[in-house]
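One chain, subunit A, links the two complexes that follow: it is found with subunit B in the first and with subunit C in the second.
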Partner chain A sequence: MSTIVFHGVSKAYGSTRALDNVNLTIEPGKIYGLLGRNGAGKTTLLNLLTNRLFPTDGEIRLDGQPVLENDAVLGRMFYMMEENLYPPRFTVKETFNWSKIFYPGFDMPYALELTKKFGLNVNKRVKELSTGYSSIFKAIIALASNAEVVIYDEPVLGLDANHRELFYRELIANYSTNPKTVIISTHLIEEVADVLEEAIIIKEGQIILKQPVEDLLARAYTVSGEASKVDSFAEGKKCAGVQTMGKFKSVTVLEELQNKDASLARELSLDIGKVELQKLFISLTNA
Partner chain B sequence: MNKAFLVTRLQLQDARKPIGIFYALIIGLSLIAAFSIWHNVGEGAIIGGIDFASAVFVLILGLNSFSTAFRFTLAKNVSRMKFFVGTVQALIIIAAVLATVDTVYGTFLRTLIPYECLQTQLYGTTSPLTVLPWTFALYTALAISGFMITMLYYRSNRLLQMLISLSPLLFYLILVILNYLTDGAAPRALKNLFSTAFGFSTSTPNPYIAVASLLLGAVVVAAISFLLIRRIAFRSQG
Partner chain C sequence: MRLDFNSEKPIYLQLAEAIEDDILKGIFEEESQVASTTELAVTLKINPATAGKGLNLLVDEGIVYKRRGVGMFVATGAKEMILQKRKESFFQTYILSLLEEAAKLGISVEEVTAMLERGRKK
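Our next item is the complex of A and B:
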């Protein structure tokens, strides 16, 4: 069990409120996607969860225990930050050794196996790693940490397509063999969509949505075709994400598709399509 | 294992290499000095300054003990309290090791050449029983001061950082102004305070008073460091 509860959490930087009264429960054993535009407050939320920052108001608890300066609770979480916090002079192997010391559950054979799969030289110093390999190095530590809650902030930054694919595969394999709570914060929504079980969307410091990805996608659809017909179809419906190209128009309808609507679309010769998570995200965060 | 001990281990491992290089240099330089004296170059000269070099070195170790290690322990989700305790433990151990090595090496050196440690020059004593605690107290106070200074820098904005950098000069200027305003009374009071704190106000200079003052100073600086670190927030260097 590792239920995380944010209770009325706010974080202000001077007059700017990066997070505003966040109330959120993260249930154990799921893969969450923390999605939001730049500056929405994703990293602040993760930094607060892992005691890197202090909330201005509110409290965060893991299984009822406050996370603030609580080593027992903090030791159950691992946070792969976008920024590299490892000493530049350390070699990859040395960092793995220290990870084993601080996280006794750290799986060294698995970490070494991953270095081979990703082609990471364990004798290289941290300062010598390219942006892509720096992400791989941090991701390997996170994957092998065996913490109950593993958080990834932009885990595939600078990775080529092959390595990104490999990372997602390893993430799912790791999660399947060793279930845990995984939180992924990323801008590459389309890529990660298939991995996520639940999406948390944050906008201007507030959680605007938290829902299973499947339910989220089921409660929206796209309708496209001749602009005037799309307009007449969309009338009175909750819509977002309008795209127009000449006489062609596409709209994301934020409602479950009813039979009568499907018939109407057929009558109007409009195409009904599944909404993609990324498009839905854009619709929701642009609204 | 207690995370504070893990931090201590990390800090000690970090300091191992610089300490090795430092003593290789010290031994090399003192051997050159010894050869010079044995071969009548600089006849009548008295060699000293090893512990002064160590004092500067230990201050630098203190200055280097914060930033990188703090970021690394944040990556490993270690609380600030455990980082503080672990680092202070490490600095005390380093101070004890350096003080012991300097005392033993100084005693050995005295058998070969005319060598005077800092304490001998200040208090006229050569007994390891007084040299060791005095040196240890001095190194501890300096190491923890270094730790506190970097933390102050980390927490400060650019203006405050500049003020901290200029603080010795500002202190001197304040002293000059006070000297002018109080007709020399303020600097005299300060001098008396230092004389008393370092055991020079007694008929025979007493290094044990300095030991107590330095250790008390180290405790005060450690307490300030704790107040600084307990609400220290992560700062991105990206």
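Our next item is the complex of A and C:
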């Protein structure tokens, strides 16, 4: 199995702490969403996990083995980075051959099948790929890597709607047939929400939440209606994400909906609604 | 099969209900194979664990059963089981709340019956 543990990990750049005392356990075999606003520390966290950066403090282990400069451990993880760092003059096919050397489990027939599905020409050079195809190219290598832990940083950047759909379906099919740990870092929360099993939310270098998405959504709801009534309903409850429009008000309540509250809402003629992951994320990460 | 991602209901429950609907409609016949967790997850673009949870709910209720190494099948009598279950939940969700609301408005049971009759003729 492949359990990842962060022990008090910090990363400082001068006086800025990009990551601040992160303690985190990533259990094997789940699809995780790593969610955070710009500059929250998502990429720093992934770079530390994959030894692209070294922590200022703390340690990261995979199954008890430190990841620091440890090729045996690093070979079990594949990281699809946001930037394209493949040699620009290589063709797609050459890059695949090269991936096979670093990741012996790399599934060439599957990679080639994916290039057909996505319409990626394997004879094109890396430098000739558009933004969308550059993402597709990197995503295909990640999907075919057969690593135990596959990390995607903004995997659908520049992809059109059809290709995004195709990517998510391939990701699910691939995960289903070959269970592995998947970590997806993305800003497109809405479209990935139902694919995730757990959400990890990072804010200003700290993990503020790690929870199964289903539990997270079950433990929050929105209440909306006439402003003064919403206020009296929300009194004493943990709330976030207030929106007002004239006399209309909508509030996200961060608790499980109790029967007595449901009846209270009915009495006050207020509407109770489901919270979406994206809205909850916005409520939780707003300053 | 369609899921309403805006519904308040958790997705696994919606999925279980959607499969039940398809069994009622005869899309999945008794003793025929239902879609696998992977097929459901890929088609609906949902997490396989969520899809599995929905299917397991049906397994626990005896509506669907597992044939080792082959897949999930609709049990004999599944249609009847679903109908019974739906009737009970119809009573719980519609009839009881109907009577509760009627009592609040001072509408007698006789009046409710008359209203039902009137509604039926529309």
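Following the convention adopted for this analysis, the second predicted complex is superposed on the first by the 286 of 287 C-alpha atoms of A that agree within 3 Å, B and C clash if a C-alpha of one lies under 4 Å from a C-alpha of the other, contacts with A are read in each partner's own complex, and residues count from 1 in each chain.
The definition used in the following text is that a residue touches a chain if its C-beta (ideal position, glycine included) is under 8 Å from a C-beta of that chain, and two chains touch if they have at least 3 such contacts.
Bear in mind that the values here come from a model prediction, so they are computed numbers and not experimental data.
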When subunit B and subunit C are modelled together on subunit A, clash or fit: fit
Which of subunit B and subunit C A:Tyr79 touches, first, second, both or neither: first
Contacts of A:Ile31 with subunit B and subunit C, given as first, second, both or neither: second
Touching partner for A:Ile184 - first (subunit B), second (subunit C), both, neither: neither
Subunit B versus subunit C as contact partner of A:Asp71, first or second or both or neither: first
Which of subunit B and subunit C A:Pro87 touches, first, second, both or neither: first
Once both complexes are placed on the shared chain, angle at subunit A toward subunit B and subunit C, C-alpha, multiple of 10 degrees: 150
First (subunit B), second (subunit C), both or neither touched by A:Leu48: neither
Where subunit B and subunit C come nearest after superposition, their Cα distance in Å: 27
Complex contacts: residues of subunit A adjacent to subunit B: 47, 50-54, 69-71, 74-75, 77-79, 81-83, 85-87, 98-99, 101-103
Of subunit C, residues touching subunit A in the complex: 5-8, 10-12, 37-38, 41-42, 44-50
Parts of subunit B lying in touch with subunit A, wherever the complex brings them together: 3, 6, 9-10, 68-69, 71-72, 74-82, 230-231, 233-234, 236-238
Complex contacts: residues of subunit A adjacent to subunit C: 30-31, 165, 168-169, 172-173, 175-177, 194-197, 213-214, 217-218, 221, 272-274
